[in-house]
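One structure follows; several queries about it will come next.
By written order: A, B, C and D. Residues from 1 in each chain.
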Amino acid sequence: MIIVMKSGATPADVDRVVSKVEARGLKTHLSTGEDRTVIGVIGHDPFSLRDAFTHDESVEDVVRITKPFKLSGREWRSADTVITLHGGVQIGGGQVVVMAGPCSVENEEMLLETAHIVHDAGGHILRGGAFKPRTSPYSFQGLGRAGLAHLAKARAETGMPVVTEVMTPSEVEFVAEAADIVQIGARNMQNYDLLREVGRQPRPVLLKRGLSSTIEEWLLSAEYVLSQGNYNVILCERGIRTFETATRNTLDIAAVPLLKELSHLPVIVDPSHGTGKWSLVHATARAAVAAGADGIMIEVHPRPDEALSDGPQSLTPQNFAALMPEIRAIAAAVGRTVAKPAAVTPR
Amino acid sequence: MIIVMKSGATPADVDRVVSKVEARGLKTHLSTGEDRTVIGVIGHDPFSLRDAFTHDESVEDVVRITKPFKLSGREWRSADTVITLHGGVQIGGGQVVVMAGPCSVENEEMLLETAHIVHDAGGHILRGGAFKPRTSPYSFQGLGRAGLAHLAKARAETGMPVVTEVMTPSEVEFVAEAADIVQIGARNMQNYDLLREVGRQPRPVLLKRGLSSTIEEWLLSAEYVLSQGNYNVILCERGIRTFETATRNTLDIAAVPLLKELSHLPVIVDPSHGTGKWSLVHATARAAVAAGADGIMIEVHPRPDEALSDGPQSLTPQNFAALMPEIRAIAAAVGRTVAKPAAVTPR
Amino acid sequence: MIIVMKSGATPADVDRVVSKVEARGLKTHLSTGEDRTVIGVIGHDPFSLRDAFTHDESVEDVVRITKPFKLSGREWRSADTVITLHGGVQIGGGQVVVMAGPCSVENEEMLLETAHIVHDAGGHILRGGAFKPRTSPYSFQGLGRAGLAHLAKARAETGMPVVTEVMTPSEVEFVAEAADIVQIGARNMQNYDLLREVGRQPRPVLLKRGLSSTIEEWLLSAEYVLSQGNYNVILCERGIRTFETATRNTLDIAAVPLLKELSHLPVIVDPSHGTGKWSLVHATARAAVAAGADGIMIEVHPRPDEALSDGPQSLTPQNFAALMPEIRAIAAAVGRTVAKPAAVTPR
Amino acid sequence: MIIVMKSGATPADVDRVVSKVEARGLKTHLSTGEDRTVIGVIGHDPFSLRDAFTHDESVEDVVRITKPFKLSGREWRSADTVITLHGGVQIGGGQVVVMAGPCSVENEEMLLETAHIVHDAGGHILRGGAFKPRTSPYSFQGLGRAGLAHLAKARAETGMPVVTEVMTPSEVEFVAEAADIVQIGARNMQNYDLLREVGRQPRPVLLKRGLSSTIEEWLLSAEYVLSQGNYNVILCERGIRTFETATRNTLDIAAVPLLKELSHLPVIVDPSHGTGKWSLVHATARAAVAAGADGIMIEVHPRPDEALSDGPQSLTPQNFAALMPEIRAIAAAVGRTVAKPAAVTPR
């Protein structure tokens, strides 16, 4: 922490500030410049100190010099975190994984149909929402527990691990029972009670970035999960909200290499939500892998025009099948591989 | 709903789209222009139809022509909603209410001290967080249930109704027991399980706008509460996230008159979070009342530089006392009044 | 400037950085903390130094501690700048000024009609665009020089000073001849050749904020004008671009008190562009004055539905006349006045 | 254009609106629904009509149904525009081009040094700014005409075509004389006098996206150039301004495939400005090519820490050389090639 005094601050002002800092058990170091004094604070870097001088008229600014996240940072753990799922699928290692499936689990039949489409085309992990956060209370809200049962059946039939969203703390336990990866949606990225709860259960957590969350806030949300003892967090970039309305969100592609610098956690990209338009998914999925993502998450629907949610951004089976060789080509170009999908080996 | 066909669409394309719409029990009306056909859809305006043609290459666009919110809209209820609290304080009528208090309840002593400061200066409602959503897991997280007890004591001593935040569904019941108004914070504006839960209890709900939520999404979140039977929702503008970093958020002052056009619900403004800087609170609080807000929510702390949260945006007692006559002057200039605070009459 | 070394930096790293700084003729001051060293740089604060260590792996961050603007800052000049126009109208003093008129000068007749409407209702300065920056090349582009002649006639008839936009350096001279205030539009806020050119002529300059410009960038653009010798710059907040589409722009009301803290220059607000909707103009104009603005700029059109530009945000004559007493009431509530408009005294 | 009447509009209201439309020589077509009437407007789609009903209380909304750009759109020209430069370099065809060089031309020596670095590593086009738009008037403003002379010398020595920025209409002529491609910077994307001027000269124009410009506004700016007769416009995505401050801008990768859908113009990506950090340039440059960009623009400096501008985002010669094989690999993965650089053949 560095405290920058105003140019007109007197020695008495400096003394007062120094005393206040030292009263907290911290040490100080003065640097007296031509027109102002800077006070270095030595020791622990507590948040509250940062705010302790905003009403002091002799203080210009207080500057933080260490990053606020710890367990999710590269300084804590330099090696990449690699998460191994049921069936051996690995996230965060040398392979690029493909998560795919419908936005919502609409009924058993369509889910099984989609699961086989995904599996046959080479996808590794089945996505599908049983609990759906919808902007309007009048939209389809998901099948709930029944949807989880359909996912379990699809998992048994195809051998693919399943990722599905949990929306509230009281449902974590039974969602975690059905899922191989528990997803926290964008709207819940700062639902701290929910983050703590998924931090206390054993399944890996896929943490989507909030619509207007900075990279730093996102890593601090991951920190909520890690600090409860669950170290298997997967970060999922899914686009941020900006002024541009031609796409549903603005996919922040630079977040991929930036997260790789800052954190050891695996990073995947969701180009379906990231663009909101199926015709842009191929290009942005390729971009994600080219930028270094550990995987992609794609919405697929057998008949997108009949989807109960997110039809506009869902790929048809044909389009999804066409995407897979593109992903393999880009993965190869960046020195990675796309594994064969899991064989049928129910847990 | 209006379906705009592409300029090259054939009569067969139009027939196919019309059939698809009519298969859903809706009627259509064709408007054939010089270079394209437009299909008006008559009847109910379902969300899903909007997405039903995104993969149809002959359709250019599908345009919604009715607003998606109902119970929160002026079309549903033209008269302003007026909410009467314990002690007779009214929100949404001719008077401007002032909610004030510390960001966090830090301990009993400081809360009582602040409550008296607020009451003595003429504030009407005491704010104070017992459950605190904090960006970092390493920051002060609030006193929880103990904080609620301190609020109850302050309420008994000053007679002021209390507004406090609830963060998760399982805590709604006991927070509602202690509070006169239950607050949903910005980060939880789209926590739908929580919205439904506060919709099922009797206390008025103060719904803060999400950091990157549109007016329409905000009203749809209010709709989640209203649709559960709780019609007493207060909307609180608290700034949105933009590119500007000179202020903590960008206070969207135009939201006040716009909400007044679209909705019958009361609107208050939080200039403390809206700016993040105490020195900007006076000017923006005046602006809020001038723009037609039904009240303001202000963070006050006896010693802001020692606050455990939000010190930089908290007013000192002196500054808060100085704000009140400014608010009264502006209220008078727009034909409203600022009532005397509640006398001590515990419920 | 402060250079923060990484926690693993060696004494040799520190020496290398210090040498590099001192080679530029600057002095350094070391502050050695528990886990890292901080180097204070004493002397002039050059921009380029900030970027000089981004490829040095031992440097964590370089932090600027002085503000980059000079002539526009309060530190340079603590007293408010007050600009006196033809006829005695003052901007930046105790009075609130009202600039009003059509978006575009469409023809002589409508301009004169509008000028009299504005003058009769109590407006002080006539606005009207002869040169129009339009998003599409197929939209009405303004009357150009002919429009300036119409403005001169309106000025002569009503005695009101005139503000009008200039779009390119080669037109500054003759626009400045016709105008009392030369306006730089939002899209040209960082057109530096244009800024330099208006800095070299004697008329006051109204500098609109760019759609996505920070307060700091805005003051640096003002600095381009001031550094050429023209000290009469008026800052005009006109809304910024955000994710919210319910309004044309998001009016940044907190910019008003913030600019008053940072700068001595007068600040006015344009609620017409700030909201894009005439029905929101009254409320936000009142908010602007309540927040401390030195004036407002309002679009008025005799028949908005026939306007060649900006009809949706233009007030009718009746609405403009109704606004004036509201502005007077708010001005009085904040201890200011609204002067009588200029009598007919052509320069 | 479609006019949506309010639900309470009377037949007289509808008649009034229809009359107003038909008075402009347009035809109408009524679609009467259960609770509202929709008026289809047949014929030309003039901008001004859109704004003609904002003060009419019986009109809910006016919806545009055709795109506002023409010459830059795929509907006007379905085949990709391919631009051939001096020496045979093609932009917009099957090859991926690499433009590289320093942010600013600092002096002849460093420019020649950089030009050879770029050429030797396989770059095709030399970039370098002689006229520099700088946020602060106190920053280095470029060498101006002397810089153009240095570029001409580098061009003669290496045979690479040159792209350089022009900032103001009066300088277009001599910049165009020296350059193979004339660049319009982000801050000038809506400097319409400048756009018209570059539209009247023969060199291809590289049009950077404005910091907060939508795709539609960007294409309308291109339209200003095209409508003057210069059809050789290259669109350059260089990041947009968002709330995220971890990167200098947010690179909008989805803009690449979206522009390819909407327009026939070549699209290149500038990952240096798009991220602002050299360590993120490799990953985002690969992403750009994977997403379908026709080329990339990269800042390279022999000694970035001594750069007079944009050092933090400039690659060292080593890093640039390492980037080229990565680009070739990704280009191959998407079925494109990276050509050999031009031989020395001065024009």
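Assume a residue touches a chain if its C-beta (ideal position, glycine included) is under 8 Å from a C-beta of that chain, and two chains touch if they have at least 3 such contacts.
Just so it is clear, the structure is predicted and the values come from calculations on it, not from any experiment.
Participant: Looking at A-C and A-D, which one has the bigger number of contacting C-beta pairs?
Facilitator: A-D
Participant: If we define chain centres by averaging CA atoms, which chain lands farthest from subunit C? Would you check?
Facilitator: A
Participant: Could you put a whole-Å number on the gap between the CA centroids of subunit A and subunit D?
Facilitator: 31
Participant: Could you state the distance in Å from the CA-based centre of subunit C to that of subunit D?
Facilitator: 27
Participant: Between subunit A and subunit C, what is the gap in Å from one C-alpha centre to the other?
Facilitator: Taking the average C-alpha coordinate of subunit A and of subunit C, the gap between them is 39 Å.
Participant: In subunit A, which residues are in touch with two or more of the other chains?
Facilitator: 212, 241-243, 245, 277
Participant: Give the list of subunit C residues in touch with subunit A in this complex.
Facilitator: Result: residues 2, 4, 7, 29, 31-34, 36, 38, 40, 42-43, 60-61, 63, 65-66, 75, 212, 241-243, 245 of subunit C touch subunit A.
Participant: Write out the stretch or stretches of subunit A touching subunit B in their complex.
Facilitator: 20, 47-48, 51-56, 68-70, 133-140, 167-170, 187-188, 190-194, 211-212, 217, 220, 223-224, 227, 241, 277-278, 304-308, 310-312, 316
Participant: Taking the touch rule as given, give the residues of subunit D at its contact with subunit A in the complex, in rising order.
Facilitator: Subunit D reaches subunit A through residues 212, 214-216, 240, 242-247, 250-254, 256-258, 261, 274-275, 277, 279-280, 282-284, 286-292, 326, 329-330, 332-334.
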